[in-house]
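Two complexes come next, and they have one chain in common, chain A, joined by chain B in the first and chain C in the second.
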Partner chain A sequence: MWWKALTVILLIYTILAGLFFPIPTVDIVDESVRNLFFHVPMWFAMTIMLILGAVNSILYLAKNNIQYDINAKIFTQTALIFGVLGLITGSLWALITWGALWTNDPKLNGTAIGMLLYLAYFVLRNSLEEDSKRATVSAVYNILVFPIFLSLIYVLPRIFASLHPGNGGNPGFNIYDQAKHLRIVFYPAVIGWFLLGFWISTQLIRLKKIENQFIEREIIDINE
Partner chain B sequence: MSFYSSYFIFNFAAHFSNQALKELWALYKKDIILDFKNKSSLSSVLLYSLTIVFVSYYSFKVKISEVGPIVWNALFWIITLFISINAASKSFQNEMNGVDYYLYQLSNPLKILFSKILYNITLLLATGIICLAFYSLVMGNPVGSPVDFTIIFVLGIVAFASILTMVSGIAFKAGNNFTLMAIMSLPLLLPLEMLLIKGSMLAIDGIGMDTVGFRNIVLSISALIMIEISLSYLLFPYLWRA
Partner chain C sequence: MNKKSVFDVFLENLSNLLRGGGKLNLIFASILIILLGIVGYLIYNESRIKKLEDKLKNKS
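Up next, the complex of A and B:
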């Protein structure tokens, strides 16, 4: 599996280069700019995972194959893990640059609400017992919340004033980085963290498949 | 998939034929008549809204001149949000105990969806207007530009109705669970709520349609309504079949 090897290489490169690479000096941000290689890719990975989850939900409604429902659930689950990691790294960064672990920023609040939306997705799944009904209803919910989630973290911070770079009239990071130094690490980091998330998801999907096989075997045993 | 998708694409005009509109009207009328027949559900919605307004007023015990327009505005939209969720959670109550299977045979899911959206718009507008009147009576009314406030108010109610219809459909399929309805709809309505609070704050300050900021908010809310209604249009047939 070449992409698994690539994941390991990219992540080792990200961690080593991210921590020891020369970086442009900016007041206040200082060395904390290295968090760019850990905080921002989390959100990229989470968004791509959520897109994969939504696509699998659409595929379930189109093809009625329970496998797509399992995929959608697992991808959403991994996306939530990345979201929590993004919140933690972001909080640490905010403590250093903005002076508090949690600020009244539309992007932060939007993310928190987005997390609640997807936690409700799991509550909804647990409250339905029958497999095909649960798959259909939760697929409908997953597709319904996806545009709302996008508007929460990508549209609203641009309408309301946000502290984040590139939002609410703030400049993005690009203008401080004349040497394009950061990009040499940033793009591999994005790809590496996404591949890690995809890898975790495929493992979880396999685990779920084995679990289902065990349950089927037990049912057969009981019937015999 | 094939049945529904072909129905969507090739028979789109069929939704707006005379026969279809008659069916839609019959479904809409059925809900209204049932509500007036079984007065407990309608009066409980009304009483809930009056009570929650009075509780909010009594917690502050002051008029608008003391709390200021920001608190008045935020409190009004929080009250409207909770009243809407409470009222809309009953929208599939009449379909309990197997009536949904009967309707499934009689009519097309999209007609049921649109009749429910229309019904919810009517119900939420009625409760919203009563709530606004009572709220203004006890707390006072600081609105500087009533026309613009009305635009935001009606748009907000329509958006609440269109999102909550779909969410209550989902909650209905999960056993008409009110807690589930609340945890699903509160975060879903929050981006809308933020836009509404910002828009109606501008209307209270007397800034209206002649400014870009206000027009942008009206456009964003309209876009959200369009997205939600088109998503419901695509997804509700699957939900109704589940």
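Up next, the complex of A and C:
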């Protein structure tokens, strides 16, 4: 329970400190640097939840327990929500600093491809009716797509020319953050946004478990 | 001249906002309202799920 209270505290801190604390002066980026506390942590939260999804897919294949498949699906689902939020906040940031909502940046294009790959995961799941078959096929797909997604958004932009800070030879924000003004908000924000995603996921998992138990009970009641 | 502390800047920015901060005011209010809505729904859901779990426990 304590971590749920921590989530609320960290997120309120992120919003208040993120919007009102002092920030380093960075040309062009100016006040929009505050988006660092929203856009980047959302991506980190998404990545951690995708890791949890992939781990649960591996566990399903290893232990053949359907609960792991449900966990994998829900973690991936929540990760995608954070991905969309990351895209929206990123596009707004791009409009302010680069002058367009979408540019031909390898990270942006990689993200678009990656998100489509994960959307295909849900299409695949919905196309298979038998539970164990759907769980096995989608677990294999999830395990395969995860390293591709990581290389699309974290590896390729570092190899090719990218507009993103810290990618393609560009300096990251850490060189401007001499007084650590960004860091004291950024790290709590990463934890806060991840915990929010984890909270949403655990609730969805618990709800699914309850739903399954009710269905099981109904089947037993009907048979009796 | 003394350098402003983090808290001083915080108060300065907050008072600017409260005095009618234009765009930032709107952004701040929308983020806070959306976040409060999500957290409020999660807290409400928490008690709802607990009730359902207890109901299932009592039935078995």
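What we mean here is this: the second predicted complex is superposed on the first by the 221 of 224 C-alpha atoms of A that agree within 3 Å, B and C clash if a C-alpha of one lies under 4 Å from a C-alpha of the other, contacts with A are read in each partner's own complex, and residues count from 1 in each chain.
By our rule, a contact is a pair of C-beta atoms (placed from the backbone, for glycine too) under 8 Å apart; a residue touches a chain by one contact, two chains touch by 3 or more.
Please read these numbers as outputs of a predicted model, since none were measured by experiment.
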item: Touching partner for A:120 - first (chain B), second (chain C), both, neither; value: first
item: Touching partner for A:66 - first (chain B), second (chain C), both, neither; value: neither
item: Partner chain in contact with A:88 - chain B first, chain C second, else both or neither; value: neither
item: Greater residue coverage of chain A in the superposed arrangement, chain B or chain C; value: B
item: First, second, both or neither for A:20, with chain B first and chain C second; value: second
item: Partner chain in contact with A:159 - chain B first, chain C second, else both or neither; value: first
item: First, second, both or neither for A:136, with chain B first and chain C second; value: first
item: Partner chain A, residues of chain B touching it in the complex; value: 1, 166-167, 170, 173-175, 177, 180, 183-184, 186-188, 190-191, 194-195, 198, 216, 220, 224, 227-228, 231-232, 235, 238-239, 241-242
item: Chain B partner contacts - residues on chain A that touch it in the complex; value: 61-64, 106, 110, 113-114, 116-117, 120, 123-124, 127-128, 132-133, 136-137, 139-141, 143-145, 147-148, 151-152, 155-156, 159-160
item: Residues of chain A defined as touching chain C within the complex; value: 4, 7-8, 11-12, 15-17, 19-22, 31, 38, 181, 184, 196, 199-200, 203, 206-207, 210, 213-214, 217
item: Residues of chain C touching chain A in the complex; value: 4, 6, 9-10, 13-14, 17, 24, 27-28, 31-32, 35, 38-39, 42, 45-46, 49, 52-53, 56, 59
